Amino acid sequence: MRWSRIAPQLALTPALAITAVAFVGSIGWTIYLSFTRSRRLPEYGIDWSEWGRQYDRLFRDAGWEISLRNLIVLGLGSALAIVFGFILAAMIDKEKRGESFFRTVFLYPLAVSLIVTGAAWRWILNPTLGAQSFLRGLGWEVDFNWLAQGDTAMYAIILASVWQSAGFYMALMLAGLKGINTEIWSAAKLDGVPLWRVYLEIIIPMMKFTFITCAILLSLGVIKAYDVVVAMTNGGPGQSTWVPAYFTINALSAKSNLGYASAAAVMMLVITLVVFIPLVALTVWQQRKREAAR
Amino acid sequence: MSQVSVSERAAAAGEVPVTRAPYFVRKKKGITPRSIAVLVFLTICALFFCVPLYVVVVTSFKTMDQIREGAIFTLPHIWTLEAWDHAWNHACSGIKCDGLKVGFWNSVSILFPSLILSISLAMVTGFALALWNVRWAGGFLFLLFICAFVPFQIIMYPLIVMTTTTKIYGTLWAVAVIHAVLAMPVLTLIFRNYYKDIPTEIMSAAMMDSGSFWRIFFEIIVPMSGNILIVVLILQITSIWNDYLIGVTFGGLTGQPMTVNLANLITISTGTTNYAHNMAAALLTAIPPLVVYFLVGKLFVQGVTAGAIKG
Amino acid sequence: MPAVSFEHIVKRYGAVTVLDDLNLAIEDGDFLVLLGPSGCGKTTLLNLLAGLLEVSDGRITIGDRDVTELDPKDRGLAMVFQSYALYPTKTVRGNLKFGLAASKLPSEEVERRIAWVAKMLQIEPLLDRKPAQLSGGQRQRVAIGRAIIKKVDVFLFDEPLSNLDAKLRTEMRLEIKKLHDELKSTVVYVTHDQIEAMTMATKIAVMDGGVIQQFGTPDEVYEHPANLFVAGFIGAPAMNMRSATLAVKAGKVEAVFKSGARLDVSDYPFQAPARDGLAVVIGMRPEHFTIGEAASGGTAQFTLPVLSAERTGSDATLYLTFEDEMLALRVAPDLAAGLRVGSTVPVQFQAGKANLFDAQTGRRI
């Protein structure tokens, strides 16, 4: 065997080991545990008559149901960040003036931890000392006390998430917009097409790839959402802002129910795959179409 | 005949240049109403984005008395550093009340080993996968791609067991190592894609000249990696500094990064909440990555985008 | 003992076989040019020799060593690449030094060699510059220097001149040839440019479709091409090809063109006795025609209409119509100036210069 064949494979062993142990092995381990009755410590015997026990419990758990519902709410709400990001990007791309300044301002939230973001917005949403009392002082009878009520608490979390991520999607959209041939704009101008139609019928379809990428990143971010929930509501009021990530970690740390937490984690993986695979397949298909068209 | 105009030549000769009156007077373009509308909208949005930062800064300098007045957007009557001092030196996180400076130095101590471990491993792995003939490289890359997207929760417990068995659980080392492990797939993909762009003939020449994996890596590849290294550094520094979940899971009581200190501070309210302290603490946690951001803005975007699109 | 030999080389990429049972022996001191169009397999063969690609089957020997399983650095070769492949972060000196990375020479010897190469290629003032600060020709020299510094017996060149402008190309051609003479090494040189091949090679291997069409000296390849491909590939303007049939009668062999014109080829060195009625292709090089009436027998005489004339200052090509196709002739420029399109010209062709090929197999008869 040539040394030039052996050397790279040796160099790959640490990465392989980590992947095998920390990722593949761990995933397998957790999946296995989800079929056991492990509580604080793992038990490795599976009672085959009741192997889906943890999942049964999970699907009947009100907390899990709330988590899933909140996942969808958070997903839809955060999708606003993509819309918002696109509008900002379109404006900056068209206007050109002050591009550098606006980009800097819209992107700085990315540099900040979600804990900080949560803390800041929690403060602003303070009913007696925050924005609500300020606006009421001005005479506007608004109800900004979202965090205190179960049905509005998620809106606060969505607000903080959109604030954090809109700039990022704007950056991705800007890159996508810059990839559009300037001649398209010239042609549309000559044809006298109104601007909103140009965007809707020409530009956005051309940016399918960028939009799909944003959708993938958004979904992954939403599924992972944990820090911002901790900082803003810690799951409250009650369980109204529970999300799957929060549920899983709670099952492990607070409830010390390893089997249960493992089942929840497996469901999180399933959700990730269900969202991820079609979107990635779509991306690959889009890319193949693009390449064929060249 | 040179391209110099008559007026330029006249000017050069020392004569006063004669500006001719225009044949047709043209209306100047100027700012269109649409531009103004766009700029106004963008400015309003910019304000929306700045509001939280403004509020946090302003609150951190106020006295608790002024805060109780409830006017969240007003500037401090008296600018005081009391909140800052308290947050840095006396804030309570768990049982200890030594301030956020503990978390700050913890975060710094987590950052360095984690960066070194994750980046060096990713560079070597990316290099091997990109430029060497390894039969199973394709499959491994696909596996890495999947690993980059799995949620942390599905590997959380086993990782806890592993760190406990190796006796690093609850220390800074656990946090640093876990960060390195979790970052490995993404960073490897980023480096691999970057190295794939190196011209094939350079690698061919290197194989004829030296043929040694490590020599080529250190003498040829690493020097060529400057651009991507900066981008990756920014991505990792931001991601590690701002992380909460790994820190709280693996840091125990002695290895808490700054974000965990901050979270403890604002969520555990014993007695009345001192919002000035909370905001000062939040600012202290946010300042290091913000500094990086304002210093290297453009590269920052590249870093985050690269991490997101996995190269 | 041949300096380099390829024995029964097979190279497959999945289901596609690029080289099949290729055999080639290169003598010590030869300047072998692998010549052919893109995709003919010449670069693949070079990379197999270098060790950058692995053979699917067969054996490669350098000197008396079987190198088929050896890494590139162990084969005792040096290579110059088309894009020079200089290490961008290293200075010229660093690039030259890295050329010796696989050898375990003491540092004084390394320094000595750097000085020797720099002097020979006149790149001394460039030693501390980086590749980005060099011109194309200078980069080329450094690439050559990086190869020479190894002091090996066999040098490989992969189309090194294709990125240079015409003037530099001519200069570098001479320099490479000079280096070959000075260093007395064996060179394997890949190119698609037949002028490079004709001027630099001691041996040419013309390749097409993964097969060596002909292996011989430049003269052999030019004067006696082995098949239609070689005949058409070498020579500019290209050889004129016409279909004809052989008429053998009473010891006299004539090639009968479609138009009925006849050419006496009785003195042609047939490899096998000529068969009557055999369909052939006659190849006639543009420079073997003369304008004017026939002086003696043994030439074919035609009177053909002028299609156009191209003058390039020092040369001229005259295009005539013969049998509804273009016939290219090499003429003196002032002669071409006097001819008008549509006018007819008497033209002779020396029968002794004809090339005959079997119309079916394409091979020389």
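Going in written order, the chains are labelled A, B and C, and every chain counts its residues from 1.
Keep in mind that, in the parts below, a residue touches a chain if its C-beta (ideal position, glycine included) is under 8 Å from a C-beta of that chain, and two chains touch if they have at least 3 such contacts.
Note that this is a predicted model, so its numbers are computed, not measured.
Student: Which chain maximises the distance between its CA centroid and that of chain A?
Tutor: The chain farthest from chain A, judged by C-alpha centres, is C.
Student: B-C or A-B: which has the larger count of contacting C-beta pairs?
Tutor: Counting C-beta pairs in contact for B-C and A-B gives the edge to A-B.
Student: By C-alpha centroids, what is the most central chain here?
Tutor: B
Student: Per the centroid of Cα atoms for each chain, what is the distance between chain A and chain C, given in Å?
Tutor: 61
Student: Between chain B and chain C, what's the gap in Å when you average each chain's C-alpha atoms?
Tutor: Inter-chain centre distance comes to 57 Å.
Student: Would you mind pulling out the distance in Å between where the CA atoms of chain A average out and where those of chain B do?
Tutor: 18
Student: Residues touching two or more other chains, restricted to chain A: which are they?
Tutor: Counting only residues that touch two or more other chains, chain A contributes 3-4.
Student: Considering chain C alone, which of its residues make contact with at least two other chains?
Tutor: 71-72
Student: Where in chain B do residues touch two or more of the other chains?
Tutor: Counting only residues that touch two or more other chains, chain B contributes 207, 211-212.
Student: Please name which positions on chain B make contact with chain A in the complex.
Tutor: Chain B reaches chain A through residues 35, 38-39, 41-42, 45-46, 48-53, 55-56, 59, 67-68, 70-73, 121, 124-125, 127-129, 132-134, 140, 143-144, 147, 149-159, 162, 181, 184-185, 188, 207, 211-214, 238, 241-245, 249, 259, 262-263, 266-267, 275, 278-279, 281-283, 285-286, 289-290, 292-294, 297, 300-301, 304-305, 308-309.
Student: Which bits of chain B are touching chain C when the two form their complex?
Tutor: Checking each residue of chain B against chain C gives 199, 201-202, 204-212, 215, 219-220, 223-224.
Student: Which residues, counting only chain A, touch chain C once they are in their complex?
Tutor: That would be residues 2-4 of chain A.
Student: Taking the touch rule as given, give the residues of chain C at its contact with chain A in the complex, in rising order.
Tutor: Where chain C meets chain A, its residues are 69-72.
Student: State the interface residues of chain A toward chain B in the complex, per the touch definition above.
Tutor: 3-5, 7-9, 11-12, 14-16, 18-19, 21-27, 29-30, 33, 88, 91-92, 94-95, 97-98, 102-117, 119-124, 126, 128-131, 133-134, 137, 163, 167-168, 171-172, 175, 213, 217, 220, 223-224, 226-227, 230-231, 234, 245, 248-249, 252, 258, 261-262, 264-266, 268-269, 272, 276
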